[in-house]
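Each of the two complexes below includes chain A, the first together with chain B, the second together with chain C.
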Partner chain A sequence: MEIVIEDLNVIYHPGTPFAKQALTDINLRVASGSFVALLGATGSGKSTLIQTVAGLIKPTSGQLRIGNQVVTPKSKQLSELRRLVGVAFQYPEHQLFEETVAKDIAFGPRQQGLTEEQVAERVEEAMRWVGLPPSLKDRSPLALSGGQMRRVAIAGILAMRPQVLILDEPTAGLDPRGQREMLDMVGRLHREQGLTVLLVTHQMEEAARYAEQLVILSEGRIALTGSPREVFGNEQALSRLKLDVPEITKLIMALNRNLDPPLPLTLFSVEELERELESRWKRGDDR
Partner chain B sequence: MEPILHVSNLRFHYQPDALSKERWALKDIQLTVGAGEYVSIIGPNGSGKSTLARIIAGLYLPTEGDVHVCGRATSNEHELWQIRRRVGMVFQNPDNQIVAPTVQDDVAFGLENMGLPRDEMKARVAQALQWVGLAGMEEREPHHLSGGQKQRLAIAGVVAMQPDIILFDESTSMLDPQGRAEVCQLIKSIHERGTTVIHITHSAQEAFMAERLIVMAEGQIKLDTPVAELYPQAMKLKEWDLDVPLEVELHHRLVKAGWPVRASITSKEDLVSELWRLLSKT
Partner chain C sequence: MTPVVIGQYVPVDSFLHRLDPRGKLVFVFAFMFLVLFADRWPSYLLLTLFVLLAVKGARIPLALFLRAVKPILFLIILTSLLHLFTTKGGGVLLQTPLFSVHEAGVEQAVLMSLRLFVLMATATLLTCTTSPMEITNAIEQLLRPLTKVRVPVHELAMMMSIALRFIPTLWGETEKIKKAQMARGVDFEAGSLFRRIMNHIPILIPLLISSFRRAEDLAMAMEARGYRGGEGRTRWRELTFARRDLWLIPTAATLWLALWYLEK
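This part shows the complex of A and B:
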């Protein structure tokens, strides 16, 4: 589902001595079914932006449109919008509370007024989507591993069938294998269910590898946006924004200090880098 | 010299009275750490890293075997308080470690419990804040600090107690890249001042900053080696689903592809200059 943000400003406590401008003049279009990574230092406005998209915070000025739902400062009803957008906040497993995995996942769809049969169907489907075996259905969610608990929490969101899925640092605290599995799962949901995904992350590797579009926030404004190739290939912007870059980009930059012509900064896998080095090496042989 | 930490034949079970003793959290752990060492521990979730840290800190007692810290056994109840004073711990979530309404009160909290004279307390608080780079923020409210600053505050509270060993249990995993870099730098400087550091992490990059690296999996120590010697065999880390530093992976691939690179590299800089050498010859 398409997201269009126009001239959006969010000010906390407007008109008081505590007024704080959290977002300034945000203009952003996210195509339906795309995978966008939202990057930026702590305090850059990422959380405010996702809460605004999720209909939890109203714009102070400007507007937001998701599908055909429009939110302006005057909007009264945000419940329709909230139905379209699912948010997994940081450490969503802290919000698990039911006795069994199935009951926890069923909580959301049950609020949507579905029949018990439909709810059961949604639970089964959501467990399949996140890769939880059906045998875990009657287990206590609190007795699962950290990675599994997080999947249960995300399944609870998917069971409400949102069109847009927002994930706030879904890999924090997982081990490398858990991180890979989590992102592969999100990538699969994006591809197979056509979900529009907004991923908030501090890990440049994740952004470079999984997202189609990067949005970099700095002090409440969009500082840079583009494909991973455009963003990480723009060395001037990277250093101006003091952005952390993927490890592989750091390695290429180190090599480039003494290579002429330099290697492109747009290689994001070790396979690509190896191929590029290989072709240099071969070219040298031909001379 | 006597090691600062000595763990022998350690086994640990969360329910030692259970009939089935199949699921040991830790098995057959042998570990000796000398004073001033910088050790990192990596391993998958559930491999027993955090359990081991809590046993070293005297928060859990071994089910079998012994743990000696500064020559004292954690099994000796009378020594336990001494041991807990010698071992400081910094946890994952900075928000869970802050107890006081101002930065300086938070650092002083542990010292108050030690019953130190007021002057000494003041001096230690000032020094600890200086070390972690929070001098000048004494009166600030901790919840207004950034994640990295909060974690440095937690570290100041530990450093002020002047422990012999500081254990960092995934202390960087909830921070943004800048906070992470700040805390890593601080860990390094704590080591340089002579404190023994044990750093538990999921990040290969961070683990390789230490002098010695321990891999844990399934409740056991699978590998215990100086980092300098680990480079040549780092591909082994994949056996436990752990990350391998990028330069190690690239080097491994180039060797396999028949490049005339040296058989082993010792650092990223080493690989970079090796590649410069090869590519400039062409």
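This part shows the complex of A and C:
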């Protein structure tokens, strides 16, 4: 589902001495079914932006449109918007509270007023999507491993069948394997369900590999946006924003100093780079 | 974003801030006793004046102080109305078929309002000028004699300071969980009272779980650093009674004597 943000401003506690402008003049268009990574330092407004898109914070001025739902400062009902957008905050497993995995995943769909059969179907489906074996259904979610708990929490969000999925650092606190599995799962959901994904991350590697569009926030404004290639090719802007280039891009840039024609900067995995180098070597146009 | 709590410690430097918390605590208790004991016009005038002077001396922004007193405004209005209409005595000021207002009623209403205001202002002044940590330390030291009769004074004080320390943390956590559950379709504002109470279960349970987890982590961290209760424990900041603290004694004595004279 398409997300269009126009002249969005968010100010906390407006009109009091505690007033704080969190977002300033945000204009952003996210195409339906795309995968967007949101980057930026702590306090850059990432969290406020996702909460606004999720319908948890109202804009102070400007507007937000998701599909055909429009949110302005005057909007009263945000629950329709919340239906379209699923959001997994940092450490989403901290929101688990039911006795069993199935009941917890069913919580969202129940709030939507579905019948028991539909709810059961949603639970089964969501568990499959996140790769949880059905045998865990009746276990207590609190007795699972950290990675599994996080999957349960995300399943609970997917079970509401959102059109837009927002993930706030879904890999935080997971081991490297867990991180990879989590991102592969998100990538798969994006491809297979056609979900529009907004991923908040600190890791350039994650952003470069999975996202089609990067949005970099700095002090409440959009500092830079574009495809990973455009963004990571713009070294000047990145160093100004004190952001890092992915390790692999650094390597390619180093290689390119002695290469003609240069390697494309769009390679974001070791395997891709390997294949590229191999094909060049076979063609024999190196050196 | 954490809200400003009633009577929150205001970290500025003033004579009242620098006083020894033990002395302040004892003084405040003695003063509150005086307030409850006072029963006449002149005594209240004196006490109110004293409190107002103290507020000025504490260098606390007046707006902040008034906001702390505001929540009891309702209580003050209610009690003064009750006194206004129910206390009989003296001349009748207003007579209607339904109720009458007597002179004594007006007097009582004003006195009661002043009494509540002074009590609240004193308590607020104490917490505004003394950090929670200082208050806990003071309570611990003042109650120390009770350890003789096996009251776990140190443990109680430690529990109190831990509880105070975690209020902002838990507040932040509550906000976070609330948003997460709102995103899952809970509407906290809609429905009957019962429904609204039930809606808070998805917040309370995760909050309890995380509190237990935090408690366990904290206990582990304390043990790892060798915590074993109050015995033989030293402090970073020792409370010391300075010369300025001695001023509390003549001040208290003067107030007592003045009140004793005024009430006689």
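Criterion: the second predicted complex is superposed on the first by the 252 of 287 C-alpha atoms of A that agree within 3 Å, B and C clash if a C-alpha of one lies under 4 Å from a C-alpha of the other, contacts with A are read in each partner's own complex, and residues count from 1 in each chain.
Here is the rule we use: a residue touches a chain if its C-beta (ideal position, glycine included) is under 8 Å from a C-beta of that chain, and two chains touch if they have at least 3 such contacts.
If you're wondering where the values come from, they're calculated on a predicted model, not measured in any experiment.
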| item | value |
| --- | --- |
| Chain B versus chain C as contact partner of A:79, first or second or both or neither | second |
| First, second, both or neither for A:12, with chain B first and chain C second | second |
| Contacts of A:194 with chain B and chain C, given as first, second, both or neither | neither |
| Touching partner for A:247 - first (chain B), second (chain C), both, neither | first |
| Partner chain in contact with A:262 - chain B first, chain C second, else both or neither | neither |
| Partner chain(s) touched by A:134 [first = chain B, second = chain C, both, neither] | neither |
| Broader residue contact with chain A after superposition on the shared chain, chain B or chain C | B |
| First, second, both or neither for A:176, with chain B first and chain C second | first |
| Chain A - residues contacting chain B, complex | 41-43, 145-147, 172-178, 202, 204, 244, 247-248, 251, 254-255, 258-259, 270, 273-274, 277-278, 280-281, 283-285, 287 |
| Of chain B, residues touching chain A in the complex | 43-46, 92, 146-148, 170, 173-179, 202, 204-205, 241-243, 245-247, 249-250, 253-254, 257, 259, 268-269, 272, 275-276, 278-282 |
| Complex contacts: residues of chain A adjacent to chain C | 12-13, 18, 51, 54-56, 79, 82-83, 85-87, 89, 92, 94-97, 107-108, 111-112, 142, 156-157, 160 |
| Chain A-touching residues of chain C, taken from the complex the two chains share | 1, 173, 176-177, 179-187, 201-202, 205-206, 209-210 |
